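Letters A, B, C and D name the chains as they come in the text, with residue numbers starting at 1 for each one.
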Amino acid sequence: MRTLYNQIANQNRERLAALSDGVFAVAMTLLVLDLRLPALEAIHSEHELAHGLLMLGPKLLMYFMSFLTLGIFWNGQQTQLNQFERVDRDLSWIHLAFLATITLMPFSTQFLAEFIAYRMALLVYWLNIFLPGALLFISWSYALRHDLVREDTRDGVRSAICRRVVIAQSLYAGGALLCFIGTRWSIAAILLVQLNYALAPQLPWIKEKRSVR
Amino acid sequence: MRTLYNQIANQNRERLAALSDGVFAVAMTLLVLDLRLPALEAIHSEHELAHGLLMLGPKLLMYFMSFLTLGIFWNGQQTQLNQFERVDRDLSWIHLAFLATITLMPFSTQFLAEFIAYRMALLVYWLNIFLPGALLFISWSYALRHDLVREDTRDGVRSAICRRVVIAQSLYAGGALLCFIGTRWSIAAILLVQLNYALAPQLPWIKEKRSVR
Amino acid sequence: MRTLYNQIANQNRERLAALSDGVFAVAMTLLVLDLRLPALEAIHSEHELAHGLLMLGPKLLMYFMSFLTLGIFWNGQQTQLNQFERVDRDLSWIHLAFLATITLMPFSTQFLAEFIAYRMALLVYWLNIFLPGALLFISWSYALRHDLVREDTRDGVRSAICRRVVIAQSLYAGGALLCFIGTRWSIAAILLVQLNYALAPQLPWIKEKRSVR
Amino acid sequence: MRTLYNQIANQNRERLAALSDGVFAVAMTLLVLDLRLPALEAIHSEHELAHGLLMLGPKLLMYFMSFLTLGIFWNGQQTQLNQFERVDRDLSWIHLAFLATITLMPFSTQFLAEFIAYRMALLVYWLNIFLPGALLFISWSYALRHDLVREDTRDGVRSAICRRVVIAQSLYAGGALLCFIGTRWSIAAILLVQLNYALAPQLPWIKEKRSVR
């Protein structure tokens, strides 16, 4: 009886994971649609084509930043899904809300790339980092409260996942605040925080975080 | 022999689930393509950009409503797939028809967002809620009649799934009828029904439904 | 040792199935992008909007026909994948070629919808039905020849899968030939053949086919 | 304890595989979006439509070449994932970087198809073959160094995978260099190398490679 129940519950988790992988895969690939070709008529030499490519630089940087964002959240969600014993109805809707914010990422990226000098665009982009982070936090708290986390998950891991989200989001918020000095400072700061989480250089003070992911 | 048979049948179910997750993931992400940026030339200040974003409000609301619709149907189909012992050829085509209506959702959403004041647009959108619901109803009846549902599925669950579809669709139809007063009333009513199913507030009279999902 | 080998071989099959489901899911959803909204400026009344929707009729029919095509080929490929004991390198490339023809389906559909009166458009569309069919035939012959089919697959099934492809493709070719009378006759004939395979009415002479799918 | 750990690690591998299959499926299908229809107004006869189709020839060739590239890399990544005992955090990011280069393939293809006479476009395309190859090389070296490869993977396979990448990339680089004679020579050379890997004619000197894939 218990086994059967787990089996059904597990299927929910598997299908939620499959839907999530699909949404991330499509969002990652759609980001590229914003990289538009230089106009054929405007190009008459290798030199002009090279220049046209260079002009794509900022959009390519935005693409790279958004791909990093998606990669970080994919990893973060995956870590949680792996730790779940099962997924109930409410937790499933929390993750659907999380996926809704993920599908908005190509829009925010395009928005920031187009209006890169505007604080408003930067804040919209930051919101698109804040919301999935907040939803992952809510997801983990909910799972802990409703006993949906595997029994073999150590206490250290349980608290570390929450702490990790709070620290990361504080750094992103700090970076976003820099937009009152200049949006480019914000972008640089957010990118640095992202690279720190993606590359995770082997410094002693982030050892613990590594063990969580 | 029997085991082998189940294994093959199960693979059909697994692949149908995988195809469905893929279709839902793409449809959810394509919804966003309708959120178009304000024209760069029209924006000269933070204030104008904020105004441009506000103008996206109705489209964002449509996006949100359609994402809810897709989430509800994804949950509904998943519940059924989990209860199936196996999937035969006809059941597989019923679900392909269901997926066809799901792929039309980005179109209906765009249609309603563009012609939000027209009853015709509202009725097309409602049709796109009615058809997948009807197909899920047909799917469940077919599975019950052809003995494709797991033996361990309780009788309460068997009837509750049908009842749930009928009640939900009656509420949607009622909401759609409000369009003869005004399409905005219809949208508000449909949205309320959806939020009810997604958030499922803890009222005693919907306890049973919760246990089904 | 043998077990391990099977496990690795099985993974190949699983990942080929996952890639295929993804390609079909995206192709099915992209078909809808060809359904374009009527221009907002041209619509001034419910009546004009209804008329605008009616004008989408032929495109909607094309969409429906292509979805049927994709559904039929998805079922056909799935049947084969389920019967494979394992998938070797060459078989994997045969299925990649098959998937390439599937990704072309949104293009052929759009092409036929735009140039519906031209024989050339009909022949291109037919080619896009013929090629995946031919590749499924090659795939099955290859698998039989290289002993990649499950040992428990009955001889009846082995020959029926080949026969089925040949009969279906003959019917499609016959339908396509009707384009020399008129392309609309071709479309009607192809649609009838497809509906026959999708709905598979319970006539005695197609019983055997049903047992294969 | 050990079993549980493997189970979690395995899930990581499964989800990385699922994300990869999704990205490849979307990228393969998006390639087709570059095949644009001839303008309806410009076509007045079957003959003009046939001519319009012929004009799509170069784009169709590019599509075919990019599909081959994606198929080759999908196979290459799959081979590695199957050999991994588990996937750790860093290896997962190496593969995310690999997937980022895969999502760029529709852009590079479009770029080369539009600017086919320019060396710069050829070099960008070659870079999009070189980068995923380099990342697969880094992935395999990392996995070997960090003991993430299955114990039952024979030494021959271990070295062959690295050698294979190096040989293939040398051939591609050689082909790309031909662009200083003419970009069409480069395209022909790259296509030949790809066909060699996809079709893998049964010559004795490539027997070993075949056993690896």
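Just so it is clear, contacts are C-beta pairs under 8 Å (C-beta built on N, C-alpha and C of every residue); 3 or more make two chains touch, one makes a residue touch a chain.
Just so it is clear, the structure is predicted and the values come from calculations on it, not from any experiment.
*Asks:* Tally the contacting C-beta pairs at the A-C interface and at the A-D interface, and name the larger one.
*Replies:* A-D
*Asks:* Under the over-half criterion for shared residue numbers, do copies subunit C and subunit D use the same patch or different patches to meet?
*Replies:* Different: when the shared numbers are divided by all numbers used, the fraction is under half.
*Asks:* Whole-Å distance, subunit A centre to subunit D centre, using C-alpha means?
*Replies:* So the centre of subunit A lies 25 Å away from the centre of subunit D.
*Asks:* Centre to centre, by mean C-alpha position, how many angstrom separate subunit A and subunit C?
*Replies:* Spacing between the chain centres: roughly 36 Å.
*Asks:* Which residues of subunit C are in contact with two or more other chains?
*Replies:* 18, 21-22, 25-26, 30
*Asks:* Subunit C touches which residues of subunit A in the complex?
*Replies:* Counting only subunit A, the residues touching subunit C are 22, 25-26.
*Asks:* Show me the residue ranges of subunit A that touch subunit D in the complex, using the header's touch definition.
*Replies:* 17-18, 21-22, 24-26, 28-33, 35, 37, 40, 43, 46, 49-50, 53, 64, 67, 71, 74-75, 78, 81-82, 152, 198-200, 210, 213
*Asks:* Which residues of subunit A touch subunit B once you look at their complex with the stated criterion?
*Replies:* 4, 8, 11-12, 15, 18-19, 21-23, 25-27, 30, 89-90, 92-93, 96, 99-100, 103-104, 106-107, 110-111, 114-115, 118-121, 124
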